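Structure first, then comments.
Per-chain residue numbering starts at 1, and chain names A, B, C and D are given in the order in which the chains are listed.
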């Protein structure tokens, strides 16, 4: 829908607009109202290049797009019945819990194995453990490839599928070769389009799951969905969308909790939503409440930093990891809330 | 804690700083670190005027305050054991539900009475109904004093206490005289300090409850608590803090849901927190999820726009009011989640 | 423009939509595209109540408004040639400078008179001085009515028109009776619609100038313009729009500078824009740069806290007031930049 | 500075804190105030891992860091006298202008060569041209390596140094081998720490200039400076910091203008600041004003999308590119404002 700057386009302006439309294979239909006219785009209006060309005209105020710019991620796409399996849980529908260390200490294998067994017993469906870490400062610990072996050993001992973050092509290759079950794409990498494409290409055959964090900045919902579209467009639909808090707007939390975006994601896309409450609130005593809220908003699961001895942890674990006994209680509570929230979902689904 | 611009203050600079401190009855204590010195304020550092004077000095980078600037609202104040009664519910502790129209139609008394009876049957503890409305545009409906009589008649018929918004001194006076049970201070008025003072003064004797909405902008938590301090300082501690969403950061919701701030409010103050999910998400199909999330974050209650025939409603009711049958189910679900969340509270309370 | 949730409305849905439209005297015109239909509102679509009714329908996704909701403030209104006089400066066109204390010390008349003479000599067009102050904390200094006499005496001595902030009806009445030349409505009061109406009513006959600060929260441009519409609708078009920074998004500034909004305001309304750089950046050493930037963005003037002895100032003066000699230099520099910026304006004006 | 949750740490708590401090080679010094105690960290407190460990303790409220976490980028570092040369301009001190296409059309070499000659004649110091482009949608044009040859040919014809964006290792390698003069790191890549390291490593010997855009999210200033630290730490100090607008907070601009951050960057680091007004405001008619504002805030230069025929441009050029004649006028005006702003700089520098 094209909004002109003035009440009506002059004939020459409309002609120029129609010529641009023609280059992109769409047509322009004027709609004359009482006080002003607007101009509809008939045909595929999802091209950003088309929009830029039209919005660049000095007599156009703006273009309001009506179609969603994502084709595969849309609820109307042929993928809308796709399900992602996390262990034995089928998403959406079931509620899954992914738990484990923020960061694996490469020099303390036992500590991670101990956590791995504990989260399995607590009822988690997947084990998380950070091998490499994005750090704001170049002077902070950046991770260690040796931790990948520890993660794989924990998988062997517990039978749980494993999830870890990759930040570049080399890490991605290592993890796909090691048959890691789920690749985490961090909040900063969610805007690294080249990496997203590589993830899609590399996992086309393996259909490895991808846990895609939402960028910590506050862009529109479509930006997040389009990041997933980059991966799915390469042939791997096993993507889980992971809100994890946006840039902080008040002091007190690490980030601004954004689990509520689950409602908007589910309205627009078929992909499961797995919320990360740990990075959202950023403090162990707050995390359980954020887990309950994620379930309340209809999330399909949570990914929670859990550590058997948080004080001895690395990275964010001393601040935000909960303990396995709290996790066990949370699994019971979130599953109950997930069932309560489902009561209200038909109304949203009907929309 | 005073942070100088350069590693250490010169003798003359320290002297000037000490003179200013003296005017405010506090002392300065230097702390010499390896690379730089900082300067502690010993004594009451809550005066904004003191802070402004010091931060105005060209050799000072900033002052980090450690003490909270609110005295009465603090968890450590003598009011920390105060309870606010909403009907038979005692807050904090119990979970209360306030429900009813956004706006009472002054020409359709029956419609409001019908809603009033329905929310009572659904289990609500207090009835809400808007008499006057703040509107962004001067050309929108601004409310009608006749609706106050309708509200009072509904109270008489249902036995429920009633809540309504006041925006200026005349409305405040009318409502206090009519013995309205709870005065709502809207998000825009939460920064109208003169009105806050008047509310405190006028209700000092009646101890009328005050439901204070959080301003829709994203200021620090202390700003919200200080708004309540304005009222309490006049002698009325019956204040309920009401997060209602901040300015929207993504398209899709009316505002940015902020029920998570409940955790921060409860850490710092004793006052009950009653969340408004209706204005937060702004769409009836989303509202139930936001209600569950409020309970998940440990809120002491919710205030939900409810209407027996939303399509015939005024103001925001057509968009965001839920129906009494949905409310009835929500009351059951939120009370259960409130109990679940309480399991995790001792850990927060212990802090 | 009405966007349905599904590609096309069913006949019964369209019928219901048309009935609502009929209640508001507008018509609905369907526009059928290739993949989906949208529905135009023919007639006056500025009623928020109409929009709420339509958006409340379960089969409607949203309504995109095309008409601006302000009628008098619009560039197309009959007021578009109105000019506001600040001293001898005619806005828009000329560039005006308003300067003086944040807060007048009621116990130190000489200090303010000294500043008043100094800003006059520096070349200011209007004198500012705060009599009453909105303060976040009830425990801070709130102002003193005696300062109004000091302000009036300064006017008598300098011949400069004067500007001061009013926060409630009593202060407003006092100032209008004292024939204060310009009433400042603070950032918090910009959402106090009752006060805005009272300001309009009280100044209908006097045509007193009103310097309306932008609310510190980050709402849409139309919200700011509609606040002015409240005043103008009562019969006083002498409004100046004053951006003053929004809630801070990074540490370092007091607020987030928003002088750039000048461009958007000038595109949509005829009212002059006078920027407040003092509250925007909040630190005396930053203020000159923010003054230059305001002129660069095409502002019609600046209002700058200026003090002959900032260290002895009250309120914000110790932190953010500049001295009269800096002001004198700034007046020369901003006027030159204002002339440079005008070179690029014809292009914007042509739009 | 460590702030405990309660007024004073218990002996066992202090002991645990001291043990953690010992692991990181720092000491803890208690400071006992009247009402509460705080605890200073003596020694290097810049380790994020140390902060995480302490903040993870249940009896600690927070740690306020006083030292800046960047060592090389700090104004106090040994690099503080480093100058970056853009053509014949030495930054900071001189004012440089970088201009050219957002995107080079790989099928229209002449168009770019025409622009290149025109910006040279207008007085630009460096030529920009996009070869590869980060796009929100995988379905948009992503760039073409053939455009690199066009860029190099334009360099040969004009004698201007050239700048282009790289988004991954392969593009980086190609550009360094082609001796591109300046590598642009886009707003999304500014958080791609692996790429930042690779840029530093690959340019250690060539000392290629790096134009580092600020991430579009609104994180703290230190986050931006630490991104530059990643590059400089590898041995290449030729970094220019480039604010380009953050996520939009009001409708009307493409992003939220952030040229004001120049003041904060210059206070904390020695690196030159070159503002991108094109992406900030995102519309050709607004761009000149944003250029003037960048100079007003003391920027050392601007990078402006310029096109000889914007309507025939690709990517953002139709919307936001200015023409060479506007550029020529802007170069004169911004240099004059840069000189005016310098008048106020000594005060900031003295701080």
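Brief remarks on what is shown
As a convention for this text, a residue touches a chain if its C-beta (ideal position, glycine included) is under 8 Å from a C-beta of that chain, and two chains touch if they have at least 3 such contacts.
Keep in mind that what you see is a predicted model, and the values were worked out from it rather than measured.
Taking A-B and B-C together, the chain pair joined by more C-beta contacts is B-C. Each chain gets one centre point, the mean of its Cα atoms, and the points for chain B and chain D are 39 Å apart.
Between chain A and chain B, the centres computed from C-alpha atoms are 32 Å apart.
For this pair, chain B with chain C, the centres built from the Cα atoms lie 27 Å apart.
Contact with two or more other chains is made by residues 58, 218-219, 246, 285, 351 of chain C.
Contacts between chains leave no pair untouched here, as each chain touches all the others. Of all the residues in chain A, the ones that touch chain C in their complex are 1, 3, 5, 29, 31, 33-36, 38, 40-44, 58-59, 64, 66-67, 350-351.
Residues 46-49, 52-53, 55-58, 69-71, 134-141, 167-169, 188-189, 191-195, 197, 215-219, 222-223, 226, 229-230, 233, 246-247, 284-285, 310-311, 313-320 of chain A are the ones that touch chain D when the two sit in their complex. By the touch rule above, chain C contacts chain D in their complex via residues 218-221, 246, 249-253, 256-257, 259-261, 263-264, 267, 281, 285-286, 288-290, 292-293, 295-298, 326, 329, 333, 336-337, 340-341, 343-344, 347-348, 351.
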